[in-house]
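Step one of this worksheet: look at the structure below.
Naming follows writing order (A, B, C, D, E and F), and every chain is counted from residue 1.
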Amino acid sequence: MSKLSHINSRGEASMVDVTDKAVSQRTAWAEGYIRMSAHTLQMISAGEHAKGDVFAVARIAGIQAAKQTASLIPLCHPLMLSKVQLDFELEPKHSRVRVIAMCKLAGQTGVEMEALTAVSVAALTLFDMCKAVDPAMVIEGIRVLEKHGGKTGHWQAGELA
Amino acid sequence: MSKLSHINSRGEASMVDVTDKAVSQRTAWAEGYIRMSAHTLQMISAGEHAKGDVFAVARIAGIQAAKQTASLIPLCHPLMLSKVQLDFELEPKHSRVRVIAMCKLAGQTGVEMEALTAVSVAALTLFDMCKAVDPAMVIEGIRVLEKHGGKTGHWQAGELA
Amino acid sequence: MSKLSHINSRGEASMVDVTDKAVSQRTAWAEGYIRMSAHTLQMISAGEHAKGDVFAVARIAGIQAAKQTASLIPLCHPLMLSKVQLDFELEPKHSRVRVIAMCKLAGQTGVEMEALTAVSVAALTLFDMCKAVDPAMVIEGIRVLEKHGGKTGHWQAGELA
Amino acid sequence: MSKLSHINSRGEASMVDVTDKAVSQRTAWAEGYIRMSAHTLQMISAGEHAKGDVFAVARIAGIQAAKQTASLIPLCHPLMLSKVQLDFELEPKHSRVRVIAMCKLAGQTGVEMEALTAVSVAALTLFDMCKAVDPAMVIEGIRVLEKHGGKTGHWQAGELA
Amino acid sequence: MSKLSHINSRGEASMVDVTDKAVSQRTAWAEGYIRMSAHTLQMISAGEHAKGDVFAVARIAGIQAAKQTASLIPLCHPLMLSKVQLDFELEPKHSRVRVIAMCKLAGQTGVEMEALTAVSVAALTLFDMCKAVDPAMVIEGIRVLEKHGGKTGHWQAGELA
Amino acid sequence: MSKLSHINSRGEASMVDVTDKAVSQRTAWAEGYIRMSAHTLQMISAGEHAKGDVFAVARIAGIQAAKQTASLIPLCHPLMLSKVQLDFELEPKHSRVRVIAMCKLAGQTGVEMEALTAVSVAALTLFDMCKAVDPAMVIEGIRVLEKHGGKTGHWQAGELA
C-alpha cells in the first residue's frame, strides 16, 4: 500500500469507510513491557496478596480501555469486542513485566488498536501503582504480535530489532 | 519509601487519600517514541498537508486522553488540568518520532500519569494512522522526564538505560 | 454449571468469549424498589408538575445508564441495545416506588446486566432528588425478573424470599 | 426542609446552585448487600485465587463508578473526590456479601451519592461475575450509613427497618 | 486581542494555560432556537403529558452535556460547574422553541462553552424527539447572550443581525 | 405520521424499539454554519499554519462527537458507525464557515442525529477557538440535508426558508 489510509488527498484526517467490508472473525495480539528496578519487581511479585490486586487492577484497566478505544483514538471505528484478554509475565532476568493482550470480534475492521490500547493502559496502571517507589520506570516494546482475519489475512511480527 | 502506596496491608487496591495534602502548582513532562520504517516517517513528514493533519490528530488525541486519565487509570484522582501540551519531534536518524507531553495544575496530587497517558495515546494515534503501511511499528521509551511541585519537589529522570 | 464463568482456572478475571455464540433476540426484565417515608412518597407523587419531572429524570438516567453498562461493569461486553424501557409504580401501601426496566437486543449475549444497571441508576437518581428531605431511604430488591433468548432460553425469578 | 431541592416551583428538574456554599471536608459512608445461594457465596470466598480477583474487580468497578457519578446521576455536580474506599464483608450466616463504600473530598457539596453509586456498581459487578451460576441473586439494603461535613454536619442512619 | 488564543505561533492547537489565572465567580448565558412546523410545535406544547416529558428529556440532556463539555470540545479545560440551568420558551409566532442555558462556577476560566454546549445538545434532543414527524427542522441562533466574571468582566451580546 | 415516536401514550419518554427493523445501509448528510466577523474568518483562513490546525481540531471533535451521540442524546440507540466525514467550506461573502457532516452505517436505525451532532460539535469547537477574538459569533442553519436507507428511503431537504 502506498498511501496513508487515514489522510485524504487534501491532507485531511479521514476515517476509513468500512461500510462495504465483509464481516469476518478477527483476532489480534499485542505486547508491551514495563521495565522497573529489581526491588520494585520483587515488591509486586512477592507475597500472594500484593500480587493479586496489582495485576488484577491492571488487567481490569486494560480490558476497560480496550472497550474505550474508539473514544480514545479519533479515527478508530466503534466495535463490539467479543473477547478481551490480558496476561502478565514476570521477567526478573530483564527486570520487567511483559503485558500481552488479545482482542477478538466478528466485524468489519481489525482489532489491533484495541489490543495495543489494552497493553498501553495496563502498563500505565502498573506504572501508577509503583510510581511512588520507582518513578524511573520505562514502558517499552509496545507492538502488534499477530493478527488474523479480514482481507490481509494472517500477519505476524518479526523479531524485535 | 518502602511500601506500595496503592496497595493496603491486606493487599487490596487502594486509592491514596489526598484530602489533607496541600494544594501546590504541579508540572510534569513525559516522553515516548514511535519507531517506524524510514519510508513511513517520510510519508508523515514530507509535504505540508500530510504533516499538518497527522500530528494535529495525534495532538488532540493526547490532550483529550490527558483529561480522561482518571477514568482510564483506576486509582488516579480526578483532576482539573490547567494546561496540557503535546509536541512532536522527527528523529530521522533513529527513524522515529518523539512525543513530549507537559501537564500542569494547581492541585493536591501530581500529574505525571496525565502526561504519560497523553504520550501513550498520542503515540497510539500515530500508530493507527500509519498501520496500513507499516504494521511493525514499535512504541517505546515512555517515561517521566521531570516533575515539579508537591512534597517531593523536583525530580528529573536520568539517562535512559 | 459448576464454575464461575468470569474467573479462569488461575483465579483471574476473564471476559467470556462470545465470538462464536449465535445471535438471537434477547430480552430481560429487572426490578428494584426505593423505600422512603410516606411524606416523601407523597411529595413526588402528588401534583402533576412534580410527578412529571421527578420520574422523567429517573427514566432518562436509567436509559442512559443501560447504554453505559459495558463501561461500568468491567467484564460486560459492549452491546447495541435496540430498546430500553423504564417504568415506575407507586406502592403507597409499602411506602416505596417500584422501578422496572426492560432491555432488548439481537445479539450474542444476554441483557440482564443492562436491565439491572438501568434499575439501579434510576433508583439512585430518585434517591438523589429526595435526599434533602429524606436521607434514610433504602434501595432494595434489585433482581432479574425474567429473561428470554440465548442458549439458556427462558428464565423466570421465583417469589422474593 | 419542606420542598424537594431538585425540583423548582414549576415542577422542573433543577440542579442545586452550590456556587456560594463554603468548601468543607465531607465524608460519606454507604452500604449495600448482595444475597446469593450458600453455594455461590462459597465459590467466591473459598480458595485464595478466586477470592482475590472477584473482589478486586468489584472494588475497581466501585471506585471507577464513584468517579463517574456526575455523568450517571443527572443533577449531581462534578466533584474531585480525594479518596474512595470499597470494602467487602462475607456474611455466611445471611448468605450474602456486604459492600461498604467511603468517599471523601474537600468541596461544596456532599458525597453520599458517590458512595451509594460505588456500592451499587460494586454489587452489580459481583452479580455479573456470579450470574451464570446463580441468576436469582438480590441486591438490597443500599443506603447511606453516615456523613460528615457541610451545613448539615453529622448524620447517622438508624437501624434498618 | 489580535491573535487566536488556541493556536500557537507554529499554527498548532494549544490549550490556554490558566494555571495562574485568579479564581473568580463566572456566569454565562447562551441561547438558541429550533424552528419547526406549526403542527410539530403544537404537538409538543399541547397536552400536559407530552409537554412534560419532551422538555424534561431535553433539559436533562442539556445539563448532562454541559458537564461533558471538556470531553467534547478538545481545547476546553475540565471544570466543576456549580450550577447549570436550562429553560425553554415556546414562540408560536415564529414557530420555534427558544432554548436558554445558564452555567456558573467559581473557577479560572469562563463557562460560555458549557452554556453553548447545553443549548446545542438540548436542541438536538428536541430534534431527535420530533424528527419522525418533522425532518426539516432547523437549529439556529446559537450564541452567547451574556457573561460575567474573569478578567474581561461583563460582556453582553448585541442585537442578532 | 401523526404521533411523536419518542413519547408513549402516557406522555413518557420512550426509546423506539428497533429490534425487528431490517438492517440496511444508511447514510445521512447534515450542515450548519458559524457566522463570524470578516476579520475572524480571515484569521482562520489565511496562512497555511493556522488554517491547518483550526479545521483539523474541529474535524476531530466532530468525528469523536458523532461516535458519542448515543451518550449525548438520551433516546438515541448505540450505533456502530462505519464512516464519519467532516468538511468545511469558507464562505467569505457571507462571513461564515459552512460545516458539512456525513455519517454511514449498515444498521437498523438512521444516522441523521449522528450527522447533526458532528456538525454541532465541530461548530462549537470553531467557536471555542475563536471566542477570544470574536465572542459574538452565531451558529445557525443546522439541519439534515439528505438521507438514504431504511423504510423511509430517500429524503432530501428543501430550500432553507
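Note that in this section contacts are C-beta pairs under 8 Å (C-beta built on N, C-alpha and C of every residue); 3 or more make two chains touch, one makes a residue touch a chain.
Chain-to-protein mapping (UniProt): A, B, C, D, E, F = Cyclic pyranopterin monophosphate synthase.
Keep in mind it's a predicted model, so treat the numbers as computed, not measured.
Listed here as common contacts of chain A and chain B: D, F. Counting hops only between chains that touch, chain B reaches chain C in a minimum of 2. Under half of the residue numbers at the chain A-chain F interface are used by both copies of the sequence.
Averaging C-alpha coordinates per chain and comparing to chain F, the farthest chain turns out to be D.
Rounded to a whole number, the gap between the C-alpha centres of chain C and chain D is 16 angstrom.
Chain A and chain D have Cα centroids lying 31 Å from one another.
Looking at chain B, one finds that residues 12-13, 48, 52-53, 56-57, 60-61, 64, 68, 74-75, 79-80 touch two or more other chains.
All chain pairs that count as touching, in label order, are A-B, A-C, A-D, A-F, B-D, B-E, B-F, C-D, C-E, C-F, D-E, E-F.
Those residues of chain C lying in contact with chain D across their complex are 1-7, 10-13, 32, 35, 43-44, 47-54, 56-57, 60-61, 64-65, 68, 72-76, 112-113, 116-117, 120-121, 123-125, 127-133, 135-144, 147, 155, 157-158, 160-161. In the complex of the two chains, the chain F residues touching chain B come out as 48, 52-53, 56-57, 60-61, 64. Considering their complex, residues 25, 55-56, 59-60, 63-64, 67-68, 79-85, 104-106 of chain C touch chain F.
Only residues 12-19, 70-71, 74-75, 77-80, 108 of chain B touch chain D when the two sit together in their complex.
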